[in-house]
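Consider the two complexes below, in which chain A is the common component and chain B and chain C are the respective partners.
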Partner chain A sequence: MSGLDTARIATSPDERRTRRPRIGSDAWTVIGLFAVTIVMILASRLISPSFGSWDQARAILVLTSFVMVIAFGQQSVILLGGLDLSVGSMMTLGGILTFSWIGGSGSALIWGIPAVLLVTGLVGAVNGLGVTFFRVPPFIMTLAMGIIIYSVALGITGGTPSGQAVPALGWLFSHRLFGIPWVILLMALFAVLGTIFQQATPFGRRLYAIGTSPEAAAIAGMPVRRIVILTYAISGAAAGLAGILMVGYSGGATLTMGDSYLLPSIAAVVIGGTSIVGGRGLYAGAIAGAFLLTTLSTVISSIGIAQGWRTIIYGLVILVALVLLREELSLWFLRLRSRGGR
Partner chain B sequence: MSATGTLPVARRPGGASTRRLLANGTFNVFVVYVLLFVILMIKQPDTLSAFGVTDLFNNALPLALAAAGGGLVVLTRGFDLSVAGVIALTNVLIATALPDGPWGAVLAVAIAGGAGLVVGAVNGYLVAYVRLQSIASTLATMIVCSGVALLVLDAPGGQVPDAVVYGFSGVLPGNVPVSAVVALVVVLLWLALRRTDWGVAIYAIGADETAAALAGIPVRRAKFFTYCLAGILYGFAGLMLSAVTATGNPNGGTTYLLLMFAAIAIGGTAFSGGRGGVIGSMIGAATLTLLQKVLFSAGVSSFYTGIFQGLVMILAVVIGAITARLAEGRAR
Partner chain C sequence: MMRSWKSLRGAMIALGCALGLTAALAAPAHAQKKYKIFLSLSYSGNAWQSEAANIVKALAATPPYDKMVDLREVISGTDVQAQISAYQSMIDAGAQGIISFPVSPTGLNRIIKRGCAKGVLFFMYDATVTEPCAYNVSYITAGFGENTAQALVNELGGKGKIFLSRGVPGNSVDKRHTDGAMSIFKKYPGIKIVAEYYGMWSDQTTQSETAKALAAHPDVDGIWAQAGEDGAIKALLATGQKKLIPVTGENSNGFRLALANPDYQARGLKGVSSGSPPATAGYAFKLMMEKLTGKRDLKVHNIQYPLPWVPASAVKLCTSDKFENGCNTFPEGKVPDSFVTEVFQPTLLPELSLVTAQEGKPTPGATIQPLPAEVVAAPDTPGINCSHCNPPANLYPLTKVQPTVQP
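This part shows the complex of A and B:
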């Protein structure tokens, strides 16, 4: 994070030369991550012949969708220089509401999904209000909100959410087009739309501007507060969407269904090259990070070793990926390429 | 963060006016703590008994030590997630690997400090020299540590030697809780540290790392040692947790992760770095643990405890910010 500042100073002459490919350095991280992940899937063939198949890759892609959706909101918030620790509880909220409001009724989907997204979006907007108008640090605001949501959900459901599985959502996971589950196609669309949103819309570009310097953005006439509030709302709704998907996948909702997605959502974003202090990063990186983390846990969980060793390998691979894909290395890559081109 | 007041260490203590007190996050959180304490005393008059006080210190100290370490890192504008892993690791080591008797207690201190130092050094190396983002690299070390903890003890259990339990959660002659002495030692060490070059460097790096480097501060070395010290403090947090719970739990560290950051923020340390202090973080931790106790004694249904906890966290920060702003406004 702040180490990058000194890195920039130290390499400033080089950077001036490579100013244009700045995006290029982020893109290298993304390409590197995907490459590492694919190598990992192929290498898992060595562990067992049933690995590294199209079936396994398909299963991993399906599992990636949850982290990927949450990571979109998380990354937008981090780009702003914030952080959303309420996404776990928000995902649970989305799941519980889907479970109890929509249930087995297919026709309820039409109003149910927008309603769930609206509720989670509004709760997210409250995060944004706290951060902007009451100047609560994002860390505290969203952490407190996460605790509050969980507590409310616990109180209202009494510990066990009641409702029905949603077959219409399960359909996304069980039906395929040309051998590809619908949910993967949906996620591909989500990835494209998310990237366009961040890179090509005024709103998206303003995220980067505010993350780099909120003061400068305000002086430039940007409605900083409104954008911050909307971004937290987007993050809430994204987590809610992940909850909706999760109900489709698992057929039920529990009070802890979102908990295990909080840290991966942040990890995916940061591993994907987004700066935790904001202003810099690509959604494609977060997707690559989500893909890497999901692949890693899927492959590792199928190795027949003690849980402790699995956890250690998981952590070490993340560490190796971070070291391999750090900024200096991608800059070095770029320089190498530009030298070769001359 | 404003450019003025980037070096709080430069302000000389003493002669603290009301204005300065109000602008001080540590003072604000202390007021919140006293308020909660009064409520608890009304609800439970035996709070002030020797047992009650020891209990308060024992409950608060693991989180307070963790927050002291995490707060140091936050001052340099970093995030250290490894706390959860280090606490779990030291806890299971102390619960499985120690002989009983006084040597057990000595070894426990060595193990806690040693394991914390090793993990902290790895963090410091990765952040200061390899220049990884602190949140990402410490996430990885946290995961590795919890893996090692699972190898040491794969399910809750084990036995913490009596010498550790009574030695660290008991009372000294005169009914002075050991945990209060530990807390006092950490506070005194911090007061000494912040007057050294290293202490100044910690604030300077957090305020503006580039400027600190240009001013000739050895940024990398200062950061490295900050992570080391933080690791040692997490180790001692694990030691205190072992003494209080008397058992080992490989997953026992995870609850401390978010609570620690909450304690740091409530204690008035800014996540943008360079502002705040370790004492505030420790009082913040004590406030969070006291809050749980107050809610419990007030008979709030445990279902809804979280709502109050969340609201108090937000309110503590908002009130702190308002009083600070009022105080600054009056000063101008």
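This part shows the complex of A and C:
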């Protein structure tokens, strides 16, 4: 519990007083995002009658899982006031290693998955080392690392990753329990564990303290550098896990498999109410953000309009969600609640 | 992972365009009598690109070219500006020939013209440029879009809801394919395009985009796809529905195996595999070498590569690494699903085997065989292979399939 205590010491008395309503507004952001997502799913029935169905929800849940996993690492880094631009390449690395190391053998999963997570975690730790000991700005450090990982992967594979997709990973997506694909159950567990990790462990609470004020955290005796390095390692491993999942989903690995997940990982975190300067936010918010983004792109892709307009709508909805949900709407919810309380 | 030092060198080259360029250009000049040829890749990172490049590398190492050619590879990324400076450096380094996958049909014209003026031969494979002094060797004008669209319409009996799984937005190849396909679909009022999305010619992107479209339209009757079609198949299978639908697409091994799978056929999967063959790069390279060595006087600048056309009934497994008995697909597990199968062309490229496409090594015992004297001229297509030119009256004639249903 010492972590909790130091976190409390690190915050000023003024902030301590405002802590309760502040977490409250974060929580309302999460609820608001989920509400918008559900409304969007229901409203999309107007576009296609098969929308709003369990099939659609299932497809969205499965597609969200990749962003959700990466966003966990990304959010932890952003909570510290950092940014991880290497997650796309890291996801690719995880996928390629899974493809070539584990191959088609189910028994190799036992050592293969930890090995892939270890490698991506170690590469992530190098990001952390650069940021802490060499004082490279996070976005330069992780951007460079992303390019290096991509290039090494290109060189080693010669452009085409060779290997096989292990059937057991595909099984996560194709097999169901009570109609729910296993990967969704796994993601639910991941969400719970991620939230516990951030909210109820000393490590998680220290993320908030360091993100609020690294100097204060250092004065309070926290091992700031170690935590930063570990957090980047977690981000690397989370992206690696997304790569493993992607191999299961698509049954293959390419050098660009992670590229399209970098920006959504940041967008999901920011939409979810996490402050880009660190110190504030909930993992549940990032999950809600990931849902909103996936639902939005699913709905938009089924509207018969040109690609340019689709991208514009996508951007506009994100912008509106950000503006509305982060301030006014959460305040409005709070006011509503306090009025109800009286 | 047990690759040789070569892959490490590959890693070094890939570390950056500038670094790669310097390394390639600064190589020792011991091979002065050899033809100095550069392979300019836009981008490596998918199976197609590396197979095409490997085929060129393998042919350059096949006797007698191994003693005649000094081939250097430069990867400059998807940025036009980077490829322009790559070309410039190659011209400055005394290139005699540049064989390349161009990233833009028009953006490279000026530098190509400058190179031509210095006597450099430019051979473009697969993608094309509109600069008339360059040679384009491509299947693009051979009618992938219209032929696959007609095949899909035939399978659907002229009516039904379909998806268009396109390539990269704004790309001239995607536009040519889609225009060709739309020339057919427009004739059939019963064909309704219920979703149109960009799969970026990637299996993964196509899979997730198809999954999204399927969520909205589970009652779709067919999918017209460009490269990435294996992802469309995987998305269909992932819905858990027993019923499958006709899909047309390009040449991934996974797609061909699916087409030939009796279980999937029974569930309703039909279709045809066509589209971009990596072997085009090999044909372009051999043409360039024959031109360079004076064996060929190439008047035609836009040369058409034959369009692959493999319906389910024509899928034939290769039992070895070489071309035999018209085989066109590899057994499951031999190559990844994303592997592009069109790496053989017995008439034009008898030197090729699986090892040439996978590792860039020459087929043991193979020697370079002369090409047939005739080349097929591609039709003028504005924006694809010429800029101020008149296209033929019917730009989208059907060559592989005839309509079996009338609009």
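One rule holds for everything that comes next: the second predicted complex is superposed on the first by the 318 of 342 C-alpha atoms of A that agree within 3 Å, B and C clash if a C-alpha of one lies under 4 Å from a C-alpha of the other, contacts with A are read in each partner's own complex, and residues count from 1 in each chain.
In this text, a contact is a pair of C-beta atoms (placed from the backbone, for glycine too) under 8 Å apart; a residue touches a chain by one contact, two chains touch by 3 or more.
What you see is a predicted model; the values in this text were computed from it and never measured.
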Self-check item: Which superposed partner A:I47 touches (first chain B, second chain C, both, neither)
Solution: second
Quiz item: In the superposed arrangement, does A:S162 touch chain B (first), chain C (second), both or neither?
Solution: second
Practice problem: For A:V270, decide between first (touching chain B), second (touching chain C), both and neither. | Solution: first
Self-check item: Partner chain in contact with A:A59 - chain B first, chain C second, else both or neither
Solution: second
Quiz item: So, A:Y249: does it touch chain B (first), chain C (second), both, or neither?
Solution: second
Practice problem: Answer with first, second, both or neither: which of chain B and chain C does A:S100 touch in the superposed model? | Solution: second
Practice problem: Would you sort A:F134 into first (chain B), second (chain C), both or neither based on which partner it touches? | Solution: first
Practice problem: Name the contact category of A:S301: first (chain B only), second (chain C only), both, or neither. | Solution: second
Self-check item: Which superposed partner A:W309 touches (first chain B, second chain C, both, neither)
Solution: first
Exercise. Find the residues of chain A that appear in the contact set with chain B and again in the contact set with chain C.
Key: 147-148, 151-152, 154-155, 158, 307-308
Quiz item: Of all residues in chain A, which touch chain C in the complex?
Solution: 44, 47-48, 50-51, 53, 55-56, 59-60, 62-63, 99-101, 104, 147-148, 151-152, 154-164, 173-174, 176, 246, 249-257, 260, 297-299, 301-302, 304, 307-308
Practice problem: Would you pull the chain B residues touching chain A in the complex into a rising list? | Solution: 76-79, 126-128, 130-137, 139-152, 154, 205, 209-210, 213, 219, 223, 258, 261-262, 265-266, 270-271, 273, 301, 303-307, 309-311, 313-314, 317-318, 321
Quiz prompt | Touch list for chain C against partner chain A, complex | solution = 1, 3, 7-16, 44-47, 49-51, 53-54, 75, 169, 193-198, 200, 202-205, 207-209, 211-219, 230-231, 234, 237-240, 254, 333, 336-339, 358-360
Exercise. Please name which positions on chain A make contact with chain B in the complex.
Key: 1-7, 9, 85, 130, 134-137, 139-141, 143-148, 150-152, 154-155, 158, 263, 266-267, 270-271, 275-277, 306-316, 318-319, 322-323, 326-328
